[in-house]
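The same subunit A turns up in both complexes below, where it pairs with subunit B and then with subunit C.
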Partner chain A sequence: MKVREKISHLQLGCLLFGYIAGFESLFLTETKLMKQDVWIANVFNILIGIALLGIITYVQRQFPGYKMTEICDKLLGKWLSKIMLFIYLLSNLESASGGFRAVSMFYTTVILPNTRSDYLILIYAVCSTYAVYIGLGTLARTNLIIIPFFLIGFLATCLFIIPEIQLNPFLPQLQSSKSDIAIGSMHLFTFTFSQLITFGFLMSRVENMKKIFTSCAIAILMSGLYLVMISYLTLSSLGFNYVETSTYPFFSTIQLVKLGEYLERIEILLIGLWTVLTMVNIIIMQYVFTLVAGHVLAISKMKPFVLAIGLLFFVHASKSYIRTADHFTYGTKIYPISSLLPCVVFPVVLGLITLIKKKGNIKAS
Partner chain B sequence: MLNEALFVGSLCYGVVSFFLLNKKGKRYDAVIIFLLSCFIAGYNAPFIEGKWPTVEILYSGLYKSLSQYIFQQILIK
Partner chain C sequence: MCQGYNHKNIAVRIGNSLKNFVRFSLLCLCCMSLAGCSPDVNEISDIALVTATAIDYNADTKKYTFSAFCVMPSNTSQEKSSTLTPWISSASGKTPLDAARKMRSRVGKNLIFQHNKFFIISESAAKLSLYEVMDYLTRKREFRISAYPIIAPGQASDILKLSTESGDMLPNDLLGQVRNNKLSGQIKPLTIKDFVDLFENPNRGFVSGRLKVKSSETSDKKILFLNGGAVIYKQKFAGWLEGNDVWTLNALSGKKYWRNIEFNEVINSNDGLEFSALFHVKESKIQGNIQNGSPRLSIYLKFSASVEDLNEETDVGDSGVTLQMERAASNYLEKSVEKSLKHFQKDLKIDVLGLSDYYLQYHPAAWKLIEKDWESLYPMIPVKVHVAVQFEKYGMSTSIKERL
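Let's turn to the complex of A and B:
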């Protein structure tokens, strides 16, 4: 694990897009809940995501040259910072384990029904541990190669799905109740931009810090647009009833893509690209976990710990969310609440303390 | 089979890393990696039978009632 390698603001933005685009298209839970009004959840999500990004980049800009973990120490004091970072580590482990389980569940349900999910998680964990070992720069460059292929694949899917669209699925508007909108928005935010704090820990590694906000805001907008587009395509091509009962609605949508009479099952290509993006998600979580754990435990060199943390991610994921129903219930009921403290309260507190300290310094001077 | 292999593997990794790091004079790091490896081995220990803590179990216990209350309030409003 190389510690000092820098990445560009564009690479960070692309990582953020890959991070969101990979996972969020899997279940489309908020689309099942809100149907034609899902765009409202997306608009809320983008606005809150940009606000959260603004807070995190503001904190980072006040302490250029410092890592987010060091900034936490400066703002909260050593022990409170350690407690908050430890809570973040638990949240990170929770998210990554959920991610491992979701991907393995998808593969064992749709593609490899006779394979044990533990073996799939093991393969994933080996890949992510190797990626953490070779470093963030390599991951960022790999992601830059993957994203154009993913976008081309997605564009092709859109073009092939368009003939299936009969009616505008977003009409009639405003049919969902306020509680459904609140729950849908909260759910979408939890699984997408609430994890911006994870990217906060990578911001000190960006060469041009002034451009982080712009590039990440563009990534947030693009991710939001992508989510609206896949919801539109899925609802319009499959219909409300099918979307509500399907476990993986977007996968069912891309199964409709056919080129001529003989070239079918193009979705496998797209799933390959999508799998790499889900890997990006898990690798970033594991990478940041390694960084933060190194700081919390005051470890001098993290290299020997990379394999141990990879093992921890594997064993924890293989022992968590074993029953599919429990995984869904946890994702919709517990995870949106448990992630509030480390992913929303934590950056907001950091932002407030930075603001108060800055005002205090101005008054003192 | 995988569980047993991981149990033995993680313990061996912990012991080997402990001695290697200790030899380099990093005693603190050595102790941490040994403890971490023992914790990982706990997940696959045949005599523990799935009782080792996970974040899912911890958070389900901590947040279940709060989650029920919040979702109930949202639905009422």
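Let's turn to the complex of A and C:
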């Protein structure tokens, strides 16, 4: 792992877009729950995401020469910082394992039904470990190459799906119950912008720190827009009842893409692009895990441990969420709560302490 | 000195890049070789493509029969693709999966269902066990959601054995008939995706494809053709619809269903003029409201039309004549739509048009009040039909002079 290779603010924004767009389009749980009102969850998600981004970038800007892990030490003290970072590491590991499992489950359900999940997880873990080994700069550049292809694929999907649209997906408005709105919004936030803290650990690697907020806020808006678009595209082409039934609604939507009458089954190309972006999600989690683990364990050179961490991710993923039902239950009922401390409370506490210390310094001076 | 240092630095960078490239290439090579280990690998010589499937249910034995119309991929077959020898494989079991697995285990090929375009479901299976059948078809990833579930009277497996008028393979011929629906609009070819979406709706019924068997007019063979529809209500088969009613249904469904349809009708004008015309739906709109708890509806249909033949000398270039013809065509189509609507409301008493969906989407507050009484309210809803026809074209001639 190359230690201090810098990336641009644009590359960080693109990484954030790839991170969200890849994984979140798989299940569309909030769309199944809120249907025509899903835009509410997305608006909530974007607003809270930008607020969280504001807090994290504010903390980073106050300590421009420091990594986020070092900032935690400064603000929370060595041991409290270690505890919080350790909790983050646990959350990171469970998120990444969930990601590995989600992709392998998708493949074993839809494309390779006879292939073992462990075998697929091993391949993903080998790829992600190699990506962590070659470093953030290469990952950022690769992501920049992939995103245009992904966007072209998405645009083509939209164009080919338009003839399949058969109902107004926006009506009737505001029919979801308050509890459904709360659960849907929280679920969407948990799996998307609550993970901004992960990007907080990469902010010290950005060349122009002043532009991080703008580029990441644009990435948040674009990701939100993408999620709204795929939700309504799916609802209008599949129908509300089918979306509720389908395990992978957006995949069912792209199954409808065909050229003329006979050229069907081209969804596999789009799935290929989507898989690469999901890999971006997993790689970022593993990369940040390696960075934070190095700090917590006070290891200056993490390169020799990259393989060990890759093995840890593989073993954890292959032993977790064995049943599909476990994965769904964990994702909908446990993870939205368990991720609150490391992903929301942690950055908010850092922001508050930074603010208090800054005011204290101003008074003292 | 400094320049030498830069050269050295560049050389080290290039060396590192090359190393990375070699590492990446080796990794790709390893990953590619791993692909061969997957148990999902299918040798093309081992597969047979299923292009149509029949599902039967025997109420006495409570067993399902799964039959598949199979062909070999053309590049492994000894014969030309146009003369492929299809065969039918069949097996029975306690559940759809049980029957399908038994059938697959008995054939000497690995059956691939990804190209299957038709699921022919027998009337008995549609009446008694449609839920189980649809659950199986949507759960299996190899059945594409763009395939057509079609209901057929009698034994569905027998239908696979029948020949077609064109002499082509059965699935190809059926696909051609679906394509040619644009000429009549008398078929409702729902895909599995639409079928399941409507299947789960408790307030409305819907119409799916219907297969008929008739004697050929040119030989004594029995042939298959798609016409009319099968009504599904409360997740069960509820009856048949004739082609004319299906045409109305298509015209009043989403644009996807009427966009390409151009049907012909013979119109009799009051002054003895009889003419044929082609009609194309330009606009289809349902509007309604609820007054004192009773729903009311208006249906607006706009057609563009072209004159195709006349029984007497008539100057169709005269706008007065055209207006008269438009009035006659509008009246005729209005009556035709009203007749179908009356059949849906008074005879079937099933909301096959999805009027409940209209109220749910556009009058959600009022819908909550009428939802529980919908079944009794639906047959009583007054529906006003407004049809407007516009003759845009009259062909290459205005009128042939009659010289008697």
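The criterion applied here is as follows: the second predicted complex is superposed on the first by the 364 of 365 C-alpha atoms of A that agree within 3 Å, B and C clash if a C-alpha of one lies under 4 Å from a C-alpha of the other, contacts with A are read in each partner's own complex, and residues count from 1 in each chain.
The working rule: a residue touches a chain if its C-beta (ideal position, glycine included) is under 8 Å from a C-beta of that chain, and two chains touch if they have at least 3 such contacts.
The structure presented is a predicted model; accordingly, all values stated were derived computationally and were not measured.
Partners subunit B and subunit C, brought together by superposition on subunit A, fit side by side with no clash. By the touch criterion stated above, A:97 is placed in contact with subunit B alone, subunit C being left untouched. Of the two partner chains, subunit B is the only one touched by A:308; subunit C is not.
By the document's definition of touching, of the two partners only subunit B reaches A:183; subunit C does not.
Once the two complexes are laid over each other on the shared chain, residue contacts for A:14 go to neither subunit B nor subunit C.
In the overlay built on the shared chain, the residue A:245 is in contact with subunit C alone; subunit B does not reach it. Contacts of A:167 after superposition on the shared chain: subunit C is touched, whereas subunit B is not. In the superposition on chain A, contact is made by A:110 with subunit C only, not with subunit B.
Contacts of A:123 after superposition on the shared chain: subunit C is touched, whereas subunit B is not. Between subunit B and subunit C in the chain A overlay, the least Cα distance found is 14 Å. Residue overlap on subunit A between its contacts with subunit B in one complex and with subunit C in the other: 119. Those residues of subunit C that touch subunit A in the shared complex are 20, 23-24, 27, 31, 34, 37-40, 114, 138, 141, 144-146, 179, 193-194, 196-201, 254-256, 357, 360-362, 364. Looking at the complex, you find that subunit B touches subunit A at residues 2, 6, 10, 13-14, 17, 20-21, 26, 28-29, 32-33, 36-37, 39-40, 43-44, 50, 52, 54-56, 58-60, 62-64, 66-68, 70-71, 74-75, 77. Listed in rising order, the residues of subunit A touching subunit B in the complex are 90-91, 93-94, 97, 118-119, 122, 178-179, 182-183, 297-301, 304-305, 307-309, 311-312, 314-316, 318-321, 326, 330, 333-334, 336-338. Interface residues of subunit A, counted against subunit C in their complex, comprise 109-115, 119, 123, 126-127, 130, 134, 138, 163-168, 171-172, 175, 238-242, 244-245, 252, 255-256, 258, 261, 264-265.
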